[in-house]
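Reading through the structure tokens given below for one structure.
Note that the chains take the letters A, B, C and D in the order they are written out, and that residue 1 is the start of every chain.
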């Protein structure tokens, strides 16, 4: 699977995108990120700021949140610049594990390099708007991802996907033997990707699949969850006579449409729209919401805890 | 109950509001409205346009909708000008009943005068934002209503309400004898009002009450229905981690939070807001949504059918 | 130039789009539209409704507006169904010219068939987001247009455009001889199209060109006009520190960025975004605004008068 | 002027507001804020985090921004908890001036106590919507302000304002002797307030007044600046045929409508609204925008630099 759509910026495209808002530098290669969550306690920021300073890393962006400053859960995302980061990152990680792990022994944390795009695979059925928007934005360099594979249970979108230079694999799903299809999907996906995106993939993934996939899975649901979970949300929205329709991007879990929500949005509708009209108008919301969710996830802006998320959006 | 807040416009207030958008005339007294729904069939608009023309009425605004032009349901709202309308309206109605009723024998229809404000009573508990916004807009003349009474199960808002010159009646609700309270409410309300508004009235009205009240009841629910129907919507929104919170104005029916929706809106929230923060931010949406619903209802822009509404909003 | 992108709907695409909201019928071929403006006077709607009824045409959608019911300007758009419309439309037009023209002798009016897509040409420079969104929506059948040609002063987008089966013609613009380029453009455009769309075409069209083109020209400007007319709007938005950025679709006139506005929208921005960030975020607004403007224009929903528009949007 | 509207929360009001989002504690008295801007350079956050830690202050919220990490301007807002803050704040400030001032010798900085509401005076003419919304939110405790005085050049709003227990002073403005009126205003305002809000005060304040007032002045302009600066923005919006109207809250400077923008918003309008309709719909945007600007300013979230602002909004 050598062909990927890489973030790039050419003179014939719009102004060079900066995946780190506010960090307007050409040397993204020296930008690192620390994402951490732990029990809240005094002086976490001071300790970590000192640690980074001791390792010649200068903080350029910092976001934190807490569910409660006294005994709640603490969340942190810091972007820092360190000259020749690729050379030093391993040392920094090792040192953090030794010195900080003792102090914040319950912490979950990771360091990432901003210049390294996430490897992404997309699953889709027949509907093109979400997958095309992701492919197109990846090509423009708006989202820091390499899309390495698109899997579909239908052959319809093969030509569209391949025109972006991205492999398209058709894996039909026999409703009497779904495990066989999932097995084929897992052979292609497991271990090869940092993120799988269900861009209107109209099959339910089994708990077993989600456990074995080994990376987060983001799904787009075509309603404003928790309203209209399950099948046929636009039909049910029409029946109920709602005045706004929406879309929800969330991490897929074994409980259908119940996973942690990353992003949602809505659009106004009226009685004049039938189900087809709601579907068409909703499509614009779906692609916008999914794109933002994938972007924020891939910029390490989304922290999961329980069934919720902290999103340090820009 | 002689004191009411009437639509008015004085030199010290903002530019004179026009309750009929697009009909920028000073002679609102000559503006009438026809609201009608029936089975869809050919040439309804032509027939009614001819009828109005024959009665020297000039159409100045017209909206129509259909669920399906062949065999569906048809909805119409027409605003017309007729010199000396108050003198002629009864004739027009009688003539319509005679000539049109034959042709559209399944139709529900009514004529109203734009210059006649709807008589409105408000029910509220302790929360002030919805009732104050309605009182204030009525005083400014932004909504064509006379607010003649506010009933509350708590005494807290008495001074605020009375400062608008509107009677405030405290009717406590004994949780072991709700029917007694409803009986007192009905004595004040039945037959006296065109509309009752539940402006954050935190008691469930019985089916018996809704049947005997004799006029429509509009309720504001503090969530984006059908999500979070029932109690504690902001708490549940926080638990579910939604990224937008909303409010829904609907006609009250005996099925709690299930009545026809008139208007909805949402506002963006983040993980940084706790339940109190969601509640505060949601309050702004609640008052805006309820105000729009009351305004549109009182301008005869809302047509109910089944459990849905057609809203000819401006 | 035989190859065009036609509105189509296949089983592998989303639910069949209906270009006439609310008119949910399969027989679009029998749907006609009348668009008219004239001096306001009594009984226009009644007269026209009668006319259509007399010609066996059933009104299924009607919108009207007036700048002032007494002596202002009146605007009307009616959608009607007439069996075998293509056979009868010429008769209807002739009859309208004879009978109505007498009565409304100052009127500008036209009849159109809903089933006939507008023939559209697009002009673009290097930026792809607007042209790609139009091509993609035309292919999905969301907008009732046939895109028959894309002209660019740069070769960059040739492959992208041609992948939709649409001809791409590169006409370089020599800054010392713009008239030569316009001459070549006019040879391709004049008489062949119902609408020309400047989808981020970064050259100013001469008054002579606009006069000779013989059809409306819609331009997308990357600011919320009248703010930041002219060059570099995102740079100037950053300098001024605005908290929202926007886009404006308008008819091109010889006065740069001063033509009648069709549609506008904005998106929230913060200090954290540099000019590149504003440009990227603005691109999403630009494509959405331009798409809506083209859709409404091609559904005969936009009526120009003076330097303004009446838009009967859905 | 002893009577003020203080932030308060009683059982009969909505859930207790928290003026510090995310800091959900009852002991606001121990919350402090540091607001700072200086030339950007490495390790500012580490140094300041260490300083606060050394003074037993725990950071609970932190926002920073930079115009450019290498040689740009750096902005910081930190909220911290220190037991018995009122006792210790003076020491902390003195220590900061001694130790940090050396290191960041170009910095502008201040410490504030979150529990201390800002003292606010309001100037208004005849229009009530902005001033009433501020009074009402102050009474609910939604904004951390004490409104101590309302000055108007008209007597109209006296009763409304005084019903909140806030003094109302009528200072007529003779168009031939504005300096006399400003002199009277300055006698009441100078030295007594932290902020003056022009809540639709329809007089231009002189450069001399703005210099002598000795505190920031926030103005609400009824357009989306820089569009329609100056008089009659709704009339001009109607003339230009814009599809959105807006409002802008900005710091007043001697250049009319040119001061640093704090907040803006818009609302959709159509051809169906006349100037009165635009004015009425715009009023809702004006009060919302002004309220947010005042809230953010009073929570020390707005940092001015040049003619721009950094706003750490929640």
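What we mean here is this: contacts are C-beta pairs under 8 Å (C-beta built on N, C-alpha and C of every residue); 3 or more make two chains touch, one makes a residue touch a chain.
If you're wondering where the values come from, they're calculated on a predicted model, not measured in any experiment.
Chain pair with the larger contact count among C-D and B-C is C-D, by C-beta pairs in contact. When chain centres are set by their Cα atoms, the one at the greatest distance from chain B is A. Centroids of chain B and chain C (each the mean of its C-alpha atoms) stand 36 Å apart. Chain C and chain D have Cα centroids lying 43 Å from one another.
Each of residues 22, 24, 65, 270, 272 in chain C touches at least two other chains. Across the complex, chain C is touched by residues 12-18, 21-22, 24, 126-129, 132, 136, 140, 142, 154, 156, 163, 270, 272-277, 279-280, 283-284, 288, 314 of chain A.
Interface of chain D with chain C (complex): residues 65, 224-228, 240-244, 246, 260-266, 270-272, 307-311, 313. If you check the complex, the residues on chain D that touch chain A are 22-25, 42-43, 45-47, 49-50, 52-53, 58-62, 64-66, 68-70, 81.
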